[in-house]
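Next, two complexes with chain A in common: one pairs it with chain B, the other with chain C.
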Partner chain A sequence: MLLRCIKAENLKLKHSIIWSACIFIPIIPAVMGTFNYLNNVGLLTEGWYSLWTQFTLFYSWLFYAPLIALYCSYLWRLEHLNSNWNVLMTAPVPVRDVFLGKLAVIFRVTLFTQVWVFILYVICGKLCGLPGAAPLDTVLWMLRGTLAAAAIGTMQLLLSMVIRSFAVPIGIALAGSILGFLFMNKGWELYWPYSLMMAGMNSNKSEDALGGNLIPFLVSVAVFFAVFAGAAVMWLRKKDVKA
Partner chain B sequence: MENIITTDSLTKRYGKKYVVKNLDLCVPTGSIYGFLGPNGAGKSTTMKMLLGLAKPTGGEIRIFGVPVEEKNRLKILKHTGSLIESPAHYGHLSGRENLQIICTLKGIPESEIDSVLKTVRMENQQDKKVKNYSLGMKQRLGLAAALLGRPRLLLLDEPTNGLDPAGIQEMRELICSLPERFGMTVLVSSHLLSEIDQMATHVGIINQGELLFQDSLESLHRHSRVRMRIRTTDDGRAYRLLSRAALPVRQDTQTGEVMLDSAEDDKVLRSGRLLAEHDIGLLRLEECQVSLEDIFLKLTGKKVSL
Partner chain C sequence: MSRDMSGINGEKERKSRYRSGAAGKRNGRRRTSGPHLWLAEQRKLRTRYVWIVPVGFLALLLLWMLVTVRNFNSLDRDSGYQYMLYSMSVMNAIFMPVMLSVVASRLCDMEIKGNTLKLLYTLERPGRFYDIKYLFELKYLIAFSGGETLGLIVLGKITGFTEPVRPAMFAEHFIAITAVGAVILSIQHLLSLMSDNQILPLIVGIAGGFLGLFSMFFPEAVNRLILWGYFGIFSVAAVDWQRTTDETMYLYYRHLPAARFAVFLIAGIVIYLIGKQIFLRKEV
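Let's turn to the complex of A and B:
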């Protein structure tokens, strides 16, 4: 049944704007980060690692979570419009799969975004004249950052489901990310989903923010995922559908 | 199974306001059940509760003989098609792509799409984006979606809303053909009595959340038989006299008008004779037809658009 839901969600994304958002929006932080790097190249002496700090500073601080929020808002907007809630909730599939099906699509688009961001990172590195290939560490950080989307994606999907506005959940994601920066600086990154993602991405750091200790990070991601997904399914089961 | 849907004191309350109150619906299998009531009477809410879209605050629903609850949800939905409120659609997709989504969710082969499109006569518009459809086309697409998978039960909420007269006629014919062609039972709501009169085999009339009448359409029509209005020189005496003689008479408490609830020759004859024998002068003897509209009005106390 989950597969059916995922397939149905994929069909809904045909001719949709979500893909252009996924392509064009990450170019903004890439350009910002690269310029910042080039302007401070005297101070930033660690090559690929330094570029990473600047690149992810803007991306994970201002763009990553709001971008996921945008995907989530878009996906739910399709249902909020034109009474589609009625059809969605009378389809012979468990409500759990309705939510998880959407989540799977969010992950897919997020994964696509992350791959694209990494490609941009490599392109920008090469344009800046950095020698050799991007270090393997950055691939790992990228993967960890993608994993953290399990927490953010689930939370944003829940928010966009409950809040019918398109923009408000994105605003929450932006505020959450900015706050996440504070949590990160306090060392509380595992307790706040938005900073979890920054920690995963190793944003603005050239040394591993998690100190190579992946387990607490994974536990935190899993807990956030379970709590938000659980809340979403409960909400779907209990609430009357308003189309 | 005699009844495909039964509800037992089904109730929906928001705060102190009852939207649906102690509703006992009985929808016979194979019927076209016309669910009739003015706007805001609780029709949509009832249908949403049947589908599990809204949770009842009281009472019980049984569909296909099983209670509507979480563990039976999929089993019921699998055999139920519905068109609730305005027709649902994804505007950026074509009609066909919209139906593909439903097929995928219902787990049925896409080959069924052609046949439902043909049923609603939409083959030629299937590749147009739905946002460019007229309301009538969206409505028909919604019906096509509901028909996918050949459900045993079809719930249609005001399916002729927004259709032009030709479209209304077409939709009506289509709905009427469903029980015979596909063995479906149809529950169709409307605020138009004439519409239900032309489609339904059974009728439920709801007003302010309460069921006022429920039976076959024939039985509703039996209410609409001809009556005789009698005016005499002394209506009060005439009424007492005729009712003592066990004739089916009523006297309107406000106007004092005497009404004989029958137009059978022998009853009219006897009434006339009795009046003459007792020296009550007969001034008028009028035949009047009680229309369904009058019954509806009497039951709901509301003027309705017809």
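Let's turn to the complex of A and C:
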């Protein structure tokens, strides 16, 4: 059933403008971050790692969460319009699979975005004349950032499901990201979903923000995922729909 | 006789009512007056709590500023307002485009979702509808800009800034962010009304935040080409890069460049009018 739900959700995204967001938005921090790196190459002396910070600092802090929120809002908007809630809830599939199907699609789009960011990072690094290949650390950081999307994506999917407005969950994501920086500065990044991306992607440091200790990070992601997914499924089971 | 007179007067009254600026009759349809349209917009938003968006963003930005300035030493407090005005221009460049896209989308999407344009056009001129809707969005922007300006002054007082408040600089800050925000809002307004799906305006809002932020690190010639970068260009406090070192940041006040600001406003009005023309051609 879950597979069928995923297939159905994939169909909904066919020829969607969401892919343009995936491609277009990461190009801005890529171009701007690279120019900024080139302008300050005297101060930023750690090569690939310095370019990484320029690339990902603002992307992971302020724009990654709203981007995921945008994907989630888009996916739920289809159900909020034209009485589609009635169709969705009378389909012969468990509500759990409906939610997880959407989450799987969000995760796929996010993965695509992250891979695209990394490709841009490698291309820009080469254009800047950085020697050798991108460090393996950065691949790991990118993967960690993608994992953090499991927490944020679940939360945003829940918000977009409950809030019928397209834009408000995106505003919440941006507000959450601002607070995320404060949590990160206090060292509480594992207790706030919007900080997990910054911590995971190691975006403001050249050395590992998690100190190589991946377990608490994974536990945090898993807890947020379970809590929000559980809340969403409960909501779908208990609450009547507003079609 | 008196009945005849009253009949003539009544006719005159009706004619003047239809011909007046507030209410008119064109193409055989009676039109609703401006205040009525304003009231109608207000009623549509009665339970939508749109004000939460600007108030929420304002609260977060002021909280952010409080966290930054609460540990200032006495030297920092001497130029505290300069620092806050400079920082706020950066923060505005990041957050205002997204906030404005959310506000515009929230107000316009109800018409798109409800497919109400056909109905509305039987009651009011499309151009008038476009203007009133924009003015309504502008109300939230002005409230945000005013709240931010006053909030910074209050924050400085609470945290014990020794720098005197310069009302002229704060007034210019208010004017600058409102003007730049209004031009950005006119683009968001058009996109939100034109898009069946609100994803496009929101993409533009997020991308605008990105562009506005990064453009501040570019030479001004490049920065001038990016609308969202004007929060930085018209910032009333700037960094003196000649004197600034790794340890100390030197700031200075600067007035709004009158000529350039006037050109910007004219360009903003042109952008708005072009947007309105595009909207008027939309088939509903």
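Quick note on the criterion: the second predicted complex is superposed on the first by the 243 of 243 C-alpha atoms of A that agree within 3 Å, B and C clash if a C-alpha of one lies under 4 Å from a C-alpha of the other, contacts with A are read in each partner's own complex, and residues count from 1 in each chain.
The criterion applied here is as follows: a contact is a pair of C-beta atoms (placed from the backbone, for glycine too) under 8 Å apart; a residue touches a chain by one contact, two chains touch by 3 or more.
Keep in mind the model is a prediction, meaning the values are calculated, not measured.
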Chain C versus chain B on the shared chain A, clash or fit after superposition: fit
Touching partner for A:139 - first (chain B), second (chain C), both, neither: neither
Which superposed partner A:226 touches (first chain B, second chain C, both, neither): neither
Chain A as apex of chain B and chain C, Cα-centre angle in degrees (nearest 10): 80
Which superposed partner A:182 touches (first chain B, second chain C, both, neither): second
Partner chain in contact with A:119 - chain B first, chain C second, else both or neither: neither
Contacts of A:81 with chain B and chain C, given as first, second, both or neither: both
Chain B versus chain C as contact partner of A:89, first or second or both or neither: first
Contacts of A:58 with chain B and chain C, given as first, second, both or neither: second
Shortest CA-CA distance in Å separating chain B from chain C in the superposed model: 10
Chain B/chain C common contact set on chain A: 81
Complex contacts: residues of chain C adjacent to chain A: 53, 56-57, 60-61, 63-64, 67, 94-95, 98-99, 101-103, 105-106, 109, 113, 197-200, 202-203, 206-207, 209-211, 213-215, 217-218
List of chain A residues in touch with chain B within their complex: 1, 4-5, 7-8, 11-12, 14-16, 78, 81-87, 89-94, 237-238, 240-241, 243
Chain A-facing residues of chain B, complex: 48, 51-55, 70, 74, 77-78, 80, 82, 84-93, 97, 100-102, 104-107, 145
Footprint of chain C on chain A - complex, ascending: 17-18, 20-21, 24-25, 28-29, 32-33, 35-36, 39, 58, 62-63, 66-67, 70, 73-74, 77, 81, 165-168, 170-171, 174-175, 178-179, 182
